[in-house]
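Both complexes shown next keep chain A, but they swap its partner, so chain B is in the first and chain C is in the second.
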Partner chain A sequence: MEPRKFWIRTIAIHLGLIAWCVVAVYPLLRIFSVSLRPGDRLMSTDLSLIPADATFAAYWNVLTDTNFFMWLYNSLLITIVTSLIGLTIASAAGYAFSRFRFPGSRLGMMALLGTQMIPAGMLLLPLFIMLVKLKLTNSYLGLVIAYSVSSVAFSIWILKGYYDTVPRSLEEAAMVDGTSQIGAFWRIILPLSTPSLAIAFLFNFTMAWNEYIVARVVLQRPELYTWTLGVFELQGQYTTQWGMFCAASIMVTLPVMALFLYSSKWLLSGLTLGGVKG
Partner chain B sequence: MANVTLKALRKDFDDNTVLKSIDLEVRDREFLVLVGPSGCGKSTALRLISGLETITSGEIFIDGRLVNHLAPKHRNIAMVFQDYALYPHMNVRENMLFGLKLRKVPKEDWDQRVNKAAELLGIGELMERRPRQLSGGQRQRVAIGRAIVRKPGVFLFDEPLSNLDAKLREEMRLEIGRLHQDIRNTIVYVTHDQVEAMTLADRIAVMDKGAIQQIGTPLDVYHRPANLFVAGFIGTPSMNFLKGRIVKQEKEYQFQMDGIRFRIPKDRLDYARAHDGMQVTLGVRPHRVQLASQEMRHRVSVPIGVRVEMTEQMGSFVNMIVSSAGGRLIVRCPADTEVARGDKIDIVIRVGRVHVFDAEGNSLRPPVREAAPESEKVKWKKKAKG
Partner chain C sequence: MMQIINSLIEVLSFVVLVLAGVAVIELAIFGSFQLFAPRSRNRLPIMMVTPAFVGLLLLIGYPIIFEAYIAFTNLNLATIGEWARGGSLQFVGLKNFIDVFTEPPMQETGFFGLLGRTLLWTFVNVFFHLIGGLIIALLLNNKIRMRGFYRMLIIIPWAMPQVVAVLAWRGEFHSQFGFINIMLGHVADVFPFLASLGVGPLNWMSEHAFAMCCIVNIWLGIPFMAVIILGGLQSISPSFYAAAKIDGAGAWQRFRYITIPLLKPVVAPAITMGTIWTFNNITVIYLLTGQGGGTERADILVSALYKAAFNFFRYGYAAAFAFVIFILLMAFSLVWMKLSKAYEEVY
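Moving on, here comes the complex of A and B:
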C-alpha cells in the first residue's frame, strides 16, 4: 500500500474508533459529573466534567443515609452464587456437548441457542408463576435460580466452542498417563480453559449484577433488595436524588471494574500454544 | 516388559468397518511396526490396544491379561502421540512427573527417573521450560521422556515423526532406534513411512483396507512380498509391474507380454501353482532393471524398447521414468547415465529378481523360505545405521 493511502486509512480508522469511544464513555462521564454536583442538579449548562463546586457529599450520603451496604451485600451474594452455579453447570455441560456423541446433542445445542432468542420480558410471567409455586419468591434462591437458568445457555456455548479447540490428544495422553476422563477434564482441560471460563464467569457476573426487571418481580421485601432495586428507591414520586443516584451507580460499577481488571490476564488466550503441533 | 496379542480384532464406526478381524502377536521386547497408507486402520489398531477406542469384537491381551474392558490407565502402556500432546500449562518436568504422581510412585523415585530419562534423551537443560518454548524435535523428545519415566510394559508410538521436517525425522528415527536398543521394551509403532518401518522394526505388519497383508522381518517383507499391495508399498521407488501371462515351454515357464518373452526361474515361480496361459503380474524393483547398454553381470531378459519420459537426479543415482508397451516403469541407473527426455532406449530386466503375482494379486513365489543374499543383508544393515 502507498504511504499516503496508508496514513489516510490509519487516520480514518482512528477517528472512527475515537468517535466510538466518546459515545461509549460520555454517559459514564456525565454520571460521574452529576454525582459531584451539590444538590440534585441533573441538568446544567456547565459542560465541565468536574463542576466548580464539586463535592463528594452525594457519595457520603449514599453510604450513610441509605442501605447501600445491604444492597451491595445482597447483590454480591446473589451474583457470586449465580456465577459459580452457572459456571459449574456450563463447564460440565459444555464438555459433554464437545466430547460425546449422543442422540440429541445437536438439537440440545440449538435449543440452548433458542433460549437466548427469547426476550427476558416474555419469560417474566412464567418465571414468576413457577417461583410462586415453588415458594421461592422473596428469596435469594429464587433469584439465583432465575439468573442461573438464563445465563447457563450462553456459557455452555462459549465453553463448548473453546473445548472444541483443545486437542483431544491432551485428554487421551492424561488417560494413558493414569487418570480417568473426569480426571483429565479436571486436571488438563479446565486449567487450559481459564480464558473461556473467565469470559463465562464475567458474563454471568455482569448479567446478574446489572439485572433489574427479574429482581423487581421476584423480590418485594426491601431487606432483600439488590443494588439495582435499592438505587431505584432513590427516585421519588416528585423528586429524584440525582446526585446520590449517580454516586451509587458509580460505586457499584467498581466491583465489576475490579473484576475485569483482575481477570484480564486470564482472558489472554494462547495458553494452549505449544502443547501440540500447530 | 510384556507381549501384546490381538485376536480377531474388529472395529466398526457406525456402518464403516475400519478393522476386519486382525490377528497379531507382538513378542516381548519386540519392536513391531504397523505400516500402511492413510486410512488402512493402523492408528485405529493402536488406539484399540491403548484403550482409547472400544473394540467391536475380538480380544486384546497385554502380557497374557485380557484387557478388553480395562481403561487405558490400567493397561500398563505408555503412548507417544503424533502431535506430542504435551500439557501446555506444565513445564517439561511437570509433564514427565504427571504420570508418576497419578500412579502414586514414591516421591524419592521421581528425580532419579526423570533425570535418567532426561539424560537418555538429552533434554536435561529443558526441564523448566513450557512446551511452547521448545522446538518440534525437543517436544517429541519430551513426549518420549514422559512415556519412559513411567516404565510401562508396552510403548505405543502413533506416527511420532510425521510432524517433523525431513532432517529432524531422520535424527529422531535414529534416536528411537537407539532408545529401543537401550531400554529393550516392547514397542508397537505406527507409521505410513516405510523407511521408518524398514529401519526401526524387528518385524513389520503391513496393513491395507483394515487387514494385515503381511507380517515379517523388514527383509522378508521387502524380498518376499506376499501380494501386489505389499510389493508396491514397500520399497522406494515403488516396484514396477507388468501385466502378462505365463506360457509353458517344455519343462519351464516363461513370462510373455507384447512380444517380449523370457524364462522365469524356478525359485521365483511356484511351478506347482502355475499353469499355461495363466494371467499374471510381473513385479521388478527399479534397481533390478537396467539399460541394455550397461555391463550385464546377471542373467537378463531380452531388451525391451522404451521411451524416456522424465529423469530424477538423486545425486548418487538417477531415477528414469520410461514408458513401455506394458506401461510406465521406473529404472534406477548410475548417476552419470546420460539420457534425455524423449530418448528411445532399450532396457533389460534381471530375470532372477522378478516377482510373479496371480490374478488375485497373491505371490506365486515357492513357499520354501529362501535366505536373502548376503550382499543384500549387508546393504540393509548399512542403511539402518544411516
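Moving on, here comes the complex of A and C:
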C-alpha cells in the first residue's frame, strides 16, 4: 500500500475509534462532573467537566447521611451467597453433562437452554407471590432464591463448555492409578478448572450485584435495600439529591468496573467457550 | 449491628438447609440405585445432576404451574392479603385470557400495540447492535497503536452497572438540563435551517420516550456484539485474505465472501441470545419511564407485564399475560432455530 493511503487509513481508524470511545465514556464523565458540583448549582446547563468550584461535599453527604455502607453490605451478602450456591451445584452438574451420556442428558441440556428464554417478568410474578405466601418478602433469602434460578442454569453452561476442553485422558490416567471417577473429578478436574470457576463466579457476581428489577419487588424495607435500590432512591427528578446520586454511583461503579475491565479477557474467553460457542 | 448478626444467621441457616437437602437427595438416589440397579453406570452422573435439577424444578417448574393456576383466578391487590392468610381464591375461567387481548395492561396501549412495538424494539436494537458492533470490531481488528487502550474504553458501557448507566442517560435526556437538549439547542442556534426542519430541544421523557429507550439500549448493547465479533474476526486465518488478494478480490469482495461467511458461526448464536435478551429487557425501559408520572409510550410486552403486576397489582391478569408472551416467544424461537440451526452443534 502506498504510504499516503496508509496514513489516511490509519487516521480514519483512530478517528472512528475515538468517536465511539467518547460516546462510550461520556455518561460516566458527566456523572463524575455532576458529583463534584456544589449543592446549589446542581441544576445547570454548564457542560464543563470539572465545575468551577468543585467540591467533594456530595461524597461526604452520601457516606454520612445515607445507609450507603448498609446497602453495600446487603448487596455483597446476597451476591456472594447466590454465586457460591450456584457455583457449587453447577460445578457437579456441568461435569456430569460434559463427561457422561445418561438417560435425559440431552433433554436436560435443552431444558437449561429453555430456561434462558423464559421472560424474567414471567417467573418473577409467581416467585413473588410464593414469597408472599412463605413470608419471605423483605428478607435476604427471597432475593437469594430468586437470583439462584438464573445463576445455576448459566453456570452449568459455562462450566460444561470448559470441562469439554479438558482432555479425558487426564482422568483416565488418574483412574488407572487407582482413584475413582469422583476422586478424579475432585482432585484433577476441579483444580484444573479454577479459571473457569472464577469466570462463572464473576459472571454470577456481576449479574446479581447489578440487579434492580427483582430487588425492587422483593425488598421494600429501606434497611434491606441493595445498593441499586438505594442509588435509585437518591435519584429524584433533579432534586437536591442528584449530586448524591452521582457521588454514590461513582463510588460503586469504579471498583466494579475496574474488576470487570481487569478480568475482561478471561470473562470473554469464558463466554465464548460456554454460552455462545462458535 | 443487630441487623448484621441477624442477616448472617438467616443466610447461614439457609445454606445449612440447602446442604441438608442435597445430602438427603443424594442418599435417596444412592440407596435406590443400590436397591434396583446396583451395576448401573448412570449412578454418578444422575447423582451429580439431580441437585441442580431439583433446584430448577422448585424455582422454575413449580412457579410456572403455580402461575397457570393464578391465571385462572381473580388474584389482585384487593384479594392477595386475605389469600395469604389462608383464604381461598375465586376462579374466573378464561376471563383473564380474554382480557389480555381486549383490555390494556396499564392504561392506554392494548396488546397488539405493545406487540408491534416489541417487534420494532427488538429489530431496531439487534440491528444497530450488530452494525455498530461490526464497525467497531473491524476498526479494532487492525494493527494500530493503543489498541489495548481502545479495547478497554470500548467495553465501558457493558462494564458499568446498568442501573447507573441508564439513570445517567436519564439525566442526559432531561428537557432542560440534559446534555442532549443543550446540544440540540446549540445546533438549532447555529444552523437556523435545521431548526426549521424540527431540530431543537425535544421532550424526550414524554413524547419521544421510545426513541430515547432505543438510543440508550443500543449504546448499552454495542460493546457485547463488538467483542463477540472481534473474537470471530481474530479467528479467521490471514491466509484466506492473502489467497483472495492473489486471485484479485477487492476489499468489498474479501469482506463479502470471506469475512461474513466465516463470522456466521460466531454471530448467529450471539444474535439469537441478543434477540431473546432484547425481547425480554425490562430494566432499561422501566428505569427510564417507570417512575411516577412516567409515560407508557415506550413500553414493550415484558415491561407492560412488569408494570401490570407490580405497579397496578393485577396479578391474575398479569399471569395470563405472561403465558401469552411466553407462547409467542417460544413460537418465535422455534421458527428462528429451525431457520438458522444456530444451536445444532452446541450439544
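Definition applied: the second predicted complex is superposed on the first by the 216 of 278 C-alpha atoms of A that agree within 3 Å, B and C clash if a C-alpha of one lies under 4 Å from a C-alpha of the other, contacts with A are read in each partner's own complex, and residues count from 1 in each chain.
Please note the rule applied: contacts are C-beta pairs under 8 Å (C-beta built on N, C-alpha and C of every residue); 3 or more make two chains touch, one makes a residue touch a chain.
Computed from a predicted model, the values in this text were never measured in an experiment.
Visitor: Of the two partner chains, chain B (first) and chain C (second), which one does A:11 touch, if any: first, second, both, or neither?
Guide: Neither chain B nor chain C is touched by A:11.
Visitor: Which partner, once the models are overlaid, touches more of chain A's residues, chain C or chain B?
Guide: C
Visitor: Give one of first, second, both or neither to describe whether A:167 is in contact with chain B, with chain C, with both, or with none.
Guide: After superposing on A, A:167 lies in contact with chain B but is clear of chain C.
Visitor: Contact-wise, after the overlay, does A:245 reach chain B, chain C, both or neither (first, second, both, neither)?
Guide: The second partner, chain C, only.
Visitor: So in the superposed three-chain picture, is A:27 touching just chain B, just chain C, both, or none of them (first/second/both/neither)?
Guide: A:27: touches chain C, not chain B.
Visitor: In the overlay, answer first, second, both or neither for which of chain B and chain C A:175 touches.
Guide: A:175 sits against chain B, while chain C stays out of touch.
Visitor: Quick check for you: in the superposed arrangement, does A:130 touch first (chain B), second (chain C), both or neither?
Guide: second
Visitor: In the superposed arrangement, does A:188 touch chain B (first), chain C (second), both or neither?
Guide: In the superposition, A:188 contacts chain B only.
Visitor: Where on chain A do chain B and chain C both make contact?
Guide: Residues 271-272, 275-278, which sit in both footprints.
Visitor: Flag every residue of chain B that touches chain A in the complex, lowest number first.
Guide: Listed in rising order, the residues of chain B that touch chain A are 50-52, 71-73, 77-79, 81-89, 98-99, 102-103, 130-134, 136, 139, 146, 150, 163.
Visitor: Show which residues of chain A lie in contact with chain B when the two form their complex.
Guide: By the definition above, chain A touches chain B via 167, 169-170, 172-180, 183, 188, 191-192, 271-278.
Visitor: List the residues on chain C that touch chain A in their complex, please.
Guide: 3-4, 7-8, 10-11, 14-15, 18, 22, 41-42, 44-46, 48-49, 51-53, 55-56, 59-60, 62-64, 66-67, 70, 75, 80, 84, 132, 135-136, 139-140, 142, 144, 150, 152-165, 167-172, 174, 176-177, 179, 182, 219, 222-223, 227-228, 231-232, 235, 265-266, 269-270, 273, 276, 279-280, 282-283, 286-287, 291, 302-303, 305-306, 309-310, 315, 318-319, 322-323, 325-326, 329-330, 333, 343, 345-347
Visitor: Name, in rising order, each residue of chain A that touches chain C in their complex.
Guide: Contacts found on chain A: 10, 13-14, 16-17, 20-21, 23-28, 30-31, 34, 43-45, 47, 70, 73-74, 77, 81, 85, 89-90, 92-93, 95-97, 99-100, 102-103, 105-106, 108-113, 115-130, 132-133, 139-141, 144-145, 148-149, 152-153, 156, 181-182, 209-210, 212-213, 216-217, 223, 228, 231-232, 235, 237-238, 242, 245, 249, 252-253, 256-257, 260-261, 264, 268, 271-272, 275-278.
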